[in-house]
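First subunit A sits with subunit B, and in the next complex the same chain sits with subunit C.
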Partner chain A sequence: MNLAQREPSPFKTYDEPERRRWMSSPFLAGMLFLLPSLVLFGVFLFYPMMRTIYLSLYLIDTQGEPLVFVGVENFINLFQSSSFQTSAKATGLFVLYTVPIGLILALVLALLANEKVKGIGFFRTMFSSTMGMSVAASSVIWMFMYNPSIGIMNRLLSGIGMSEVQWLLDPQFALMSVAAATIWMNTGFTFLILLGGLQNIDQQLYESARVAGVSDWYKLRKITLPMLSPTLFFVTVVSLINSFQTFGQIDILTKGGPMESTNVIVYSIYKDAFINYNVGSASAQAVLLFFCILIVTVLQFKLTERKVHYQ
Partner chain B sequence: MSLTKKIVTYTLLASFTLIMMFPILYAFLISFMQGGEVLQGKLWPESFSFDNYISAFEKVPLLTYLLNSLIVSTVIMIGVLAVSSLAAFAFVFINFKGRDILFYLFISTMMIPWEAAMVPNFQTVQALGWLNSYAGLTIPFFALAFGTFLLRQQFKTIPHELYEASQVSGISRFRFFYKIALPVSKTSMVTLGIYSFLTAWNMYLWPLLVTNNEAVRTVQIGLKQMQSQEISTEWGVVMAGVVIVILPTLVLLFLGQKRLQEGLTQGAIK
Partner chain C sequence: MKKLLILMMGIFVLILGACSSNTSEANDQEEASSGSASGKAEVLFWHAMSGELETALNKLVDEFNASHDNIEVTAIFQGTYEEALTKLNTVAGTEDAPTIMQTFEVGTKYMIDTGHIQPVQKYIDEEDYDTSQWEENISNYYSVNGEQYSMPFNSSTPVLIYNKDAFEAAGLDPEKAPMTYSELQEAAAKLTTDDQYGFSILNYGWFFEELVAVQGGLFVNGENGREGQATEAVFNSEEGVNVFNLIHAMYEDGTFYNAGQNWDDMRAAFQSGRIAMYLDSSAGVKSMIDNSPFEVGVSYLPVPDDTERQGVIIGGASLWMASAAEEAEQQAAWEFMEYLATPDVQANWHVDTGYFAINPAAYEEEVVKEQWEQYPQLKVTVDQLKETKATTATQGALISVFPEARQKVVNAMESLYQGADPQEALDRAVEETNQALEVNAKKSGN
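Let's look at the complex of A and B:
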């Protein structure tokens, strides 16, 4: 680049002030700094998303090439298929099972780990440990824990005199079992972010509260939670989106079964696209997933906008 | 803190630690058991033998998988740090027309579930000839809105006067970015680095799609391969595989977490 500047340009020569103005143009500088992100988002996010929407409106051959424009037919087929209805229900329930409990658990852990007692570093590390656990490794462990004959879950149940459960094979329990495993897997990350948020709260607020002699409960409600609200808002959105995107644990634990009871949307897309070679259906589902997440995120922004306390 | 409160706090801390750590400890213990002990549903192995670990390495090319995962995760981490910090800098320090629109564009990327775009992405990577390559496994993940926002929050804490002063004294934007903004944001960079490394190591769906030979397969897919081959017969070997896979990231997390806390404490003191 330096070389090019030294050589006389055949197109246009800039005199020094003009060149400096050009270099210091905020627009150009801004775009240069953003260029890598913009290119990557363009190629690997916006283009494929547009392409997905495009494919969802076509009849697609098994090679993934669009044949005929069919409008919303893929969507109509989808809504009429009982398989998709099951999948939509499974996804909704899964979000409902994992997000609120996961957040509360991580918040409790973060509040506990924010106490200034001896050896707290050890507990913080332990609480965040699942962040270092891959979804594949975690799923294999939970698969063993749920093993009907030798896993710990059924041994605990029989230990307290209850009848054994086919955790992953019973359509009634499979989704909940996967959800429990998922909550555990996600706790480490949520905990770490919330702990970071707690530690960023100005200590003087607590100091003043201590001088004023208010109760712990009051401090939690009037200082901690309001000051933590931007972080809470952030982790809620992230957890929701994560939950919609669940795949690995389904693939390893249940493969969408039994009776499609755990066939959550991303697994269903994967199966349609890469196993059944039905790209039209997969694309239509992907578009619906996109709109679900869009609506959820926009709603969250709108709802929390005024209630969240930003510093 | 009163004694009662202390006791309650420690009891709660200990019980939650037990709950959170149990699956990991369980995997660890099972990995030392012999076939018979596993089937009896024991909790504690009679003896700690490394037989399962040896068979794990013999049954699947675990070392190759581990190395692949290490390469992929490191490359993604560096890519994310570079790309996100550049973008975050533009959003905080460079005031240009259209910045707000681009910021909304970045926010909008968080609303696009990556999985919704995976079919065309697969076709793109295939067309580029990137199937079964490190490029295909890493480059699509370099741009990260979350990383940009995280660093943007951090860059915002750098006094704008400092930037203006540097502009007046003729220091280029990139120099300010490189010499001042990045060094003072070390803690956030470490946080983001650890985060991106761990998520890359954790990746499952994409490697499953774009790799089908052992030369580039990551360790997560290796684990799935192991589990589906060995199921119900040799859980001890499978768990040995699990322990091998989780050890590097757990160690990184334990080390990194300390660093993270030091950073936070330093920030609090100064």
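Let's look at the complex of A and C:
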């Protein structure tokens, strides 16, 4: 229990026994080290979270002051509102559109960029370059590309003789268009992490495989993917959470429209809290989103962690 | 190890100390500056004017400060109207609140309900200020039950903007813009070609409100909320349905272009020749004339056939005084507001920005006359406002859930492009707005 008894104490210059015991208790010393981050987390994460849960149970006036305790009424109103159901559906679809395709795309790019050929550094830089772009800047670029009257997308379509599409104005296409832009934005980050994972795989495994003379496909399935699984697991969890929390590109590209088809939950929270001044409803949505992400992440750990191979 | 620990703790204490000492220093500075100025009243002015508008506004503030030794106005940009209002929320009623706050027209009811504002009527009464010099149709919006709550400042109205070159190419008279719905539909049909649409309206609630008001239709009950609290939306009336029927019919005919919700997209569509006529804010007229590669015409909002034109509601923003500010500060703020309303300041403001002059005497100033000679279209926007009849319809609705109501209207507009029935779409928007009104009534305890 007492570290000082087994090892030379790092604090032995202090003579007072009281002080010495206090300082050398590993728990307290540990807490002391954690203090800075605990304070920061507390101020910027834990307190706001508790406050959100608290606010979600109240009727709030337009200036954000809680008025009356209403219990779960905010939640009941949400479940009954068709607007919230549209939001939930949009969020779910958005996650489905962006995460699997984004991961597969980044994985393919990472596998390509992992080859040792001349000039590969150029391609690695290119593939990861979207990471250096802010969401705002890239959204504006995509906005111009999607512009129905002057954008490149419609020029391409009319170039191959197809009729024009109102990318961001047609409820059928809007969510997919935003999803496509998001995949492009997120690929850089996912690619970089996956490439790092690939480079960490022990080369001896591949050498043994070469001696055994197995096919490339076999190597991919039996060596690369299992060895990459911790990294893959990490990027899946992170991408999923990111995708649930998408805001910037929605705000710039569609503002939740048309007909709320891209009104994902985070955007809906923003609108309710800062445009409509319904802080109670916004807090309730935030709490629901939190638990939704929590459940999905826990499920991911429960269901897929067994398949993750740690060295 | 121990040294490291102490070092880290030391750094941490320093950081915390630095944070708190910063704020106390800032406070000291504030106190020092307000104290040392010895009677120099400080006016903090929060606004939402960005880009060229901010430059124009700062010019006005600098001129005021230079000509008033005992007052120092500090103008601070706080983001869009919505963002600024959110920031105001966190400080309203405290010492840190701005003395003057610029808020958009639909925030009027919201500002009154906060209870942290001082109606400017007090100073109008005290100084016997002559409000009849103001443009009545503008100041009307910001007066409730005969009391002037805020000082009108930057105001704009909607206008029909059209491409004169396209009119000529289609065999239409470029000097004669469509004034009624059937004229509009006819012109749009002639203007529509393979790559050009006749007409467009931005999917934005303001234009719908204006098109209803120009027919004399109300947005909410209680005479647009001007006589008592509005409890129900009424824009699914005949007037509202007229507007939706027009959009629906024109979209089905293929003469109406869905320009989305983004102002810049719509303007780009007009400038690139995609649409030949559209509705825009009068504040956008000048740059549209400057930046279009063709002749631009400006005209009044169209009305249904055989309907008497009632006029337009003003958009834009007004200036609010904080009730928490000290007497001397309020007095200084009022002086600044008075200054802003003088004809020559308003003339410059009108010329620089395209916003209306709240003081019509400004239109007699030389700078304005020169400008109008160069851009005769600007006069059309002023005339449309002058001809407006002062009714509760053109005074504009007074509800605190305006932003939400607008979202519902936009949804309904967008559903038209998916083939929704105009009456049903409007009924749904009204129902959803009613819910928002109900929730809000619960909040304010009514």
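Please note the rule applied: the second predicted complex is superposed on the first by the 290 of 311 C-alpha atoms of A that agree within 3 Å, B and C clash if a C-alpha of one lies under 4 Å from a C-alpha of the other, contacts with A are read in each partner's own complex, and residues count from 1 in each chain.
Methods note: a contact is a pair of C-beta atoms (placed from the backbone, for glycine too) under 8 Å apart; a residue touches a chain by one contact, two chains touch by 3 or more.
Since the model is a prediction, treat every value here as computed from it, not as a measurement.
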| item | value |
| --- | --- |
| Touching partner for A:D61 - first (subunit B), second (subunit C), both, neither | second |
| First, second, both or neither for A:I293, with subunit B first and subunit C second | first |
| Between subunit B and subunit C, more extensive residue contact with subunit A | B |
| Contacts of A:I160 with subunit B and subunit C, given as first, second, both or neither | neither |
| Touched partner set for A:I150, first subunit B, second subunit C, both or neither | both |
| Which superposed partner A:A212 touches (first subunit B, second subunit C, both, neither) | neither |
| First (subunit B), second (subunit C), both or neither touched by A:P258 | second |
| Touched partner set for A:K271, first subunit B, second subunit C, both or neither | second |
| Touched partner set for A:P36, first subunit B, second subunit C, both or neither | both |
| Common ground on subunit A, meaning residues reached by subunit C in one complex and by subunit B in the other | 29, 33, 36, 64, 143, 147, 149-150, 274 |
| For the subunit A and subunit C complex, residues of the former touching the latter | 10-11, 13-14, 23, 29, 32-33, 35-36, 59-64, 67, 83, 143, 147-150, 166, 168-169, 171, 254-255, 257-260, 271, 274-278 |
| Subunit A-touching residues of subunit B, taken from the complex the two chains share | 1, 6, 9-10, 12-13, 16-17, 20-21, 23-24, 26-27, 30, 38-41, 43, 82-84, 86-87, 89-90, 94-99, 102, 105-106, 109-124, 139-140, 142-143, 146, 148, 173, 177, 191, 198, 201-202, 204-205, 208-209, 220-221, 223-224, 227, 232, 235, 238-239, 241-242, 245-246, 249-250, 252-254, 257-258, 261, 264, 268 |
| Residues on subunit A engaged by subunit B in the complex (per definition of touch) | 25-27, 29-31, 33-34, 36-38, 40-41, 43-49, 51-52, 55, 64, 108-109, 112-113, 115, 117, 120-121, 123-138, 140-145, 147, 149-152, 155, 184, 187, 192, 196, 199, 203, 237-238, 241, 244-245, 247-248, 251-252, 266, 269-270, 273-274, 279, 282-283, 286-287, 289-290, 293-294, 297-298 |
| Of subunit C, residues touching subunit A in the complex | 1-2, 5, 8-9, 12, 82-83, 86, 89-90, 92, 110, 113-114, 203, 258-262, 265, 268-269, 272, 274, 400-401, 403-404, 407, 410-411, 414-415, 417-418, 432, 436, 439-440, 442-445 |
